[in-house]
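Each of the next two complexes has chain A plus one other chain: chain B in the first, chain C in the second.
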Partner chain A sequence: MSATAQLAERPSKQPQKSRRRTSFNEGTGRLAAILLSPTLIVLALVVVYPIISALRESLYTSGQQIDDEGFVVEGSQFVGLDNYTAIFSGETGERFWNAFYNTTFFTVTMVVLETILGVAMALVMHKAFKGRAIVRASILVPWAIPTVVSALLWKWIFQADGAANALLGTQILWSTEGWQSVLSVIIADTWKTAPFIGLLTLAGLQTIPDEVYEAAKVDGANAWQQFLRITLPLVKPALLVAVLFRILDTLRIFDLPFVLVGANKDSVETLSMLAYDEASNTRYGPAAAYATILFLYVALVAYVFVKLLGADILGDAVKRKPNGKRRGKSKDAAPPGANTVAMAGSTHGGGSVS
Partner chain B sequence: MSTNIKAAEASPVRRYLPLLGVAAIVLYCLLPFYWMFVSAFRRPLDQFDNSLLPSPWSLDNLKAVFGEGVGFGRALLNSLIVAGVTTILVLIIGLIAAYTLARLDFRFKNVVLAIIITTSMFPGISLVIPLLKLFIDIKWINTYQAMIVPSLSFALPLAVWTLTTFFRQMPRELEQAAMVDGCTPAQAFRKVILPLAAPGVFTTAIITFIAAWNEFLIALSMVNKKEIQTANVAISKFTGISGFDQPFGTQMAAGVVVTIPLVIAVLIFQRRIVAGLTAGGVK
Partner chain C sequence: MRFERSHTRRAAFVAVASSLALLATACGGDDGSGGGDGGSSNGGALEGRGPITFATGKDTSGNLTNQVAAWNAQHPDEKVEIKELPESADGQRQQMIQNAQAKSDAFSVLNLDVVWTAEFAANRWVTQLPEDQFPDLGKLLPSTVDTAKYRDKLYAVPVTSDGGLLYYRKDLLDKAGVQPPKTWEEMVAACAKVKALPEAKSINCYAGQFEKYEGLTVNFSEAINGAGGVVVGDDGKPNVDTPEALAGLTALTEGFKTGFMPKAAITYKEEEGRRAFQEGNLLFHRNWPYVYALAGKTDGSSKIAGKFAVAPLPGLKGAGVSTLGGHNYAISEFTKNKATAADFIKFMSSEERQKANIEKTSQAPTWASLYEDPALNKQFPYLAPLKASIETAKSRPKVVKYGDVTTAIQEAAYGALTGATPPKDALSQLQTKLSSLITQ
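On to the complex of A and B.
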């Protein structure tokens, strides 16, 4: 509240301030800290604390006493890195590497498939002038359906005498074990999220001005060349953000295989499912160790992805000073990942030009 | 040359290929959903019938979903409470942060924004396990707050990011004018910005609500009592009345009940949702 009072006198000072800076801008560090604190405190409590706590937890083993609600009572002991070494050895080691392989395999295949399909969809939608509203609406349907419901829906389709077998004329027991269950998970996930990548890519496509293509046509570029040389580079920022988020999402995949195929199935068990399984058996130490390894894996992948491909999660916010002058009409020209940030730049810039 | 381009555009292949593509996309997205819808309205007897339409339409599956002892109505209510309260909390906390990030210039602003976005990327399971232990200690298991509080971990960053985008699109002159007219910055925000940002806030609310409504891992981990399960967890645990090894008819019907409100909301607000999703670029 003191912050408000502090600010109240601002308008009178405004005239002598430099042209561009608004009345908000002076000595705002403390005010910003106050205003941001609720969000940061909440995130510290629900994200940072659990992460640190998981790290600590993974160094302990808890007693196996169980109370009448089915939860463990107490009695944890410090065991150092035992939980971690146990993960990599013997039978648990096999289970871990299997889950690790599954997680990685799912991530690679799904993201590749979804990206190809999504980009194809975006290209089609971009070309289509009729029916765009229908497509946009229907593309959101798989996104809006809860993953659990979509998992059940696909389980139903993949039943022994379900629609998939009837359609293909096969007798495959899809969602049981083995390659077919892996395939069913991949199909279900691709169905749910490829349209979403398409949606984000389409937004990127729509920011490419027609003139670029007209110029390319004049220069004699064919459709494929146009796609490789113009479309792809220009949607890259939008696409990379979409792909990065999909990668991070698939690395922690849980609900889909858990519901579609089930727990404790070798062929689809992911790291998240493994950690959940340990936790539900009240082995919190090992569970936390698995979760920590997954966390590190996700962080590593994100880091490598951003470093190698230069995915711009923040748009170009990080590189640019907030007051930096930028193209005035970046509203239409910048790719979606960046355009929002660029817009802030344009409103800033507007003042200084006049 | 220009006539050449025009001729190429006018050729029938060029004209109808996109339409075919559109049809393919629509079918791709809607066919599985259609199958769920249709299956929900079959009689439990001919559940495994693969005809395109249920031969006699039947509400038996729907009745079973809301039947005695299933407790699905309660589960829906639980989902509504959890997703609703999460959305409201997230909007209240997120609005302040987003406005700050969009309007104030201070050092480390981008660092803060980056941190907030990064927090949404952590795997849910590595947050759930420690929180589960904590909630056992403070006796929060089987409470709403045990589901609502962890849900903030993904919902809040999402909302802050989207809202920041919306605020940045609004010209600063709005507040400046209001303050010249004698408003304090807080009043300018409340009386000028907030009403104008209402569509953006609404968009964020829908996206947050859908994300929270679709949450599964937290709801599954934090609750073991049937009365407090959310709809998603309840559906996945249906045992059914029909005596099949898995009660697909009931599950499809429940799936339709859970999904239809979302699908309707999506159809009505598709423009806004698309704007919100592409602005945030998240999820």
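On to the complex of A and C.
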């Protein structure tokens, strides 16, 4: 949508209210519409249509009845909100809340750990020392490996006769139900994605001018004070974007626990895994309902996060809005370039939220 | 500036709205197709000749192209094109289902895992086959033909089979002076004797596949069937809450408790168990025939080459019952050239082709006669116990919702084996669960 705004700003015609009525016939508006419609149609096809179709699917059920001859009754039936109510009741309800708890628990613990580690990595990478390039490159390697591959890698480490047990000198069965499988997922995910936070934080760090630190040194601030009073506030916009993307990513975590620990393991089952399980048993209606609930949950968490912490996710566009005034305060500290970091982050965030 | 923006927005809105309207009509398109005709699946005529496709999992043996090339050489006008699907069974099933739900004719002949037959037949995704057009069926092992039927009607032709075997360390058993065990009790006793040998003190007794996946369903069913119980009876009703089933499951749970099976076995799939056996850490191991070639390799990858042999699976008190594996070929309901497809299936399931296939790939054939072939027996010394295993083997429940059924079985078995649920409770919960899944 920012494209719309930009286009609109360019030709400044006489701003008259009466013109709006005839504006569609007027050259600029029409041209803009014509030029934009291919983009909008593509967006509608790849974003709006899947969402609407999933919402529609979640209101239907099919293939769940068998007739006397043993054939599945064909055709789908409109069931209203039955798929949703079924999720919250009885045995499926237990499974849902367990998955909901797992998803939330993973998100909180992993993002906290990854943020701490990522910031530490960024500070190390930012320091000028010999061999810095190698350190930077090696820190980024885990992030470059596809999740499924790193899940297989860790599965190999965590198997009964694997490296983890050999190192620890114990025989922990990591992939069985219990705390150990949860821990293995947390370790593998933190290993993989802390570098992502590190990368974005590093980009933020590099925009902080050295003079600020020099001034602080003159004023007699120690390293810890410099970190708390200068580094953290100045790097905050970039860091918040990174954390937001990690939260959204972790809320829909699927491949790591699925490959590392396995399907149908209560300890690590997440909402995405539930949706997959339903879909692979050809119950597309309930699967769509699970996915919709996850979608709403992700949207809610993102909204709350942005509202509470004021992550500058849309760049200046948000600031310009009149209601953005209150949050403007936190952004005063934003160094130039923080928004480019935000945009870089969005390309790194991977697939869409759903 | 503000006005400019708003009227551009309005124009943009019109553009979005019109594209949405376009979409809405696209959405509406797939609604009406529900009622479905699907009437042609009465085992009627298989008509139409011409090129067809063969959808199958990734060909790990490398021999499939040879087989299909042999057909193509004889039938230049009815060429078969191989459509290779993902290597994992789940991935194959998903693609076949998606193809069927789109009523696409992209796949003509489907290579189905034996447990999918019921689901594909009940959904009318595969054509019912007239039995009289497949005269060789009587020469195939009856248990394999049974897997190709749903409600006593034929929907596929078995082309490969698979049965569980008991691998054992012949060298250690010979040294301890014990015969290969025929029952679970004999196996426990044999292990105790072998462990008395100084060189076998630290060896583990037995392992199968107990990770929470399809292999657990296989091993659980074997334990139940081998103890005289059933998971789903011949009447199609679950009957798992019985003393026999309890005895079978208890043998497994006791195995874990007493250390007869290593604790790590709860994480074993086929490959983990095979590795443990090849490393010389297991005295007895339940696995499929493919292990024979790998464990016998003399390139250093196996520490037990030449030191092991195979026997049919032991049961609790008598002979064991294997769970049946293998693949069936079926014709997609939505393909055009069904006559060619039927001929291709006849060709691939013929004795000649199956012999050519086992020679190259060691995949178990479905022809009874091939198990008696002297040359093959020399090449594959496990054929005799394998035949015994397949002949008495039981198929897994033939149900439309197999995915839910196997999940329920895994849930119950895993709970019992990890000690989270007492075996008795696990079985009665499973009975309840299966009853609700299967009566529908």
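FYI, the second predicted complex is superposed on the first by the 265 of 354 C-alpha atoms of A that agree within 3 Å, B and C clash if a C-alpha of one lies under 4 Å from a C-alpha of the other, contacts with A are read in each partner's own complex, and residues count from 1 in each chain.
Keep in mind that, in the parts below, contacts are C-beta pairs under 8 Å (C-beta built on N, C-alpha and C of every residue); 3 or more make two chains touch, one makes a residue touch a chain.
None of these values were measured; they are calculated from a predicted model.
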Subject >> First, second, both or neither for A:Thr147, with chain B first and chain C second >> reply: first
**OP:** Mind working out whether A:Gly262 is in touch with chain B, chain C, both or neither, as first, second, both or neither?
**Re:** second
**OP:** In the overlay, answer first, second, both or neither for which of chain B and chain C A:Asn281 touches.
**Re:** second
**OP:** May I ask you to decide whether A:Gln171 touches chain B, chain C, both, or neither, giving the answer as first, second, both or neither?
**Re:** second
**OP:** Would you sort A:Leu228 into first (chain B), second (chain C), both or neither based on which partner it touches?
**Re:** neither
**OP:** Quick one: name whichever of chain B and chain C touches more residues of chain A.
**Re:** B
**OP:** Scan A:Ala32 for contacts with chain B and chain C and give back first, second, both or neither.
**Re:** both
Original post:
Looking at the overlay, what does A:Ser53 touch: chain B (first), chain C (second), both, or neither?
Top reply: both
Original post:
So, does A:Met125 touch the first partner chain B, the second partner chain C, both, or neither?
Top reply: first
Original post:
Which chain A residues come up in both lists, the one for chain B and the one for chain C?
Top reply: 4, 7-8, 11, 23-24, 28-29, 32, 36, 40, 45, 48-49, 53, 69-72, 159, 161, 280
Original post:
Given the complex with chain A, which residues does chain C contribute to the contact?
Top reply: 1-12, 14-16, 18-20, 22-23, 26-27, 34-36, 38, 90, 94, 97, 121-124, 150-151, 211-213, 263-264, 266-268, 272, 275-276, 400-401, 403-404, 407, 410-411, 414, 418, 420, 440
Subject >> chain A - residues contacting chain C, complex >> reply: 4-5, 7-9, 11-13, 15-17, 19-20, 23-24, 26, 28-30, 32-33, 36-37, 40-41, 44-45, 48-49, 52-53, 56, 62-66, 69-72, 74-76, 159-161, 171, 173-177, 262-265, 277, 280-282
Original post:
Which of the residues in chain A end up touching chain B in this complex?
Top reply: 4, 7-8, 10-11, 14, 21-25, 28-29, 31-32, 35-36, 38-40, 42-43, 45-51, 53-54, 57, 69-72, 121, 124-125, 127-157, 159, 161-163, 166, 191, 195-196, 198-200, 203, 214, 217-218, 238, 241-242, 245, 248-249, 251-252, 254-255, 259, 271-272, 275-276, 279-280, 284, 287-288, 290-292, 294-295, 298, 302, 313-314, 317-318, 322-323, 336-337, 340-341, 343-344, 347-348, 350-351
**OP:** Over in the complex, which chain B residues touch chain A? Could you list them?
**Re:** 1, 5, 17-19, 21-22, 24-26, 28-30, 32-33, 35-36, 39, 48, 50, 93-94, 96-97, 99-107, 109-110, 112-117, 119, 121-134, 136, 141, 149-150, 152-153, 156-157, 160, 164-165, 168-169, 171-172, 175-176, 179-180, 182, 184-186, 210, 213-214, 216-217, 221, 224, 232-233, 235-236, 246, 248, 251-252, 255, 258-259, 262-263, 265-267, 270-271, 273-274, 277-279, 281-283
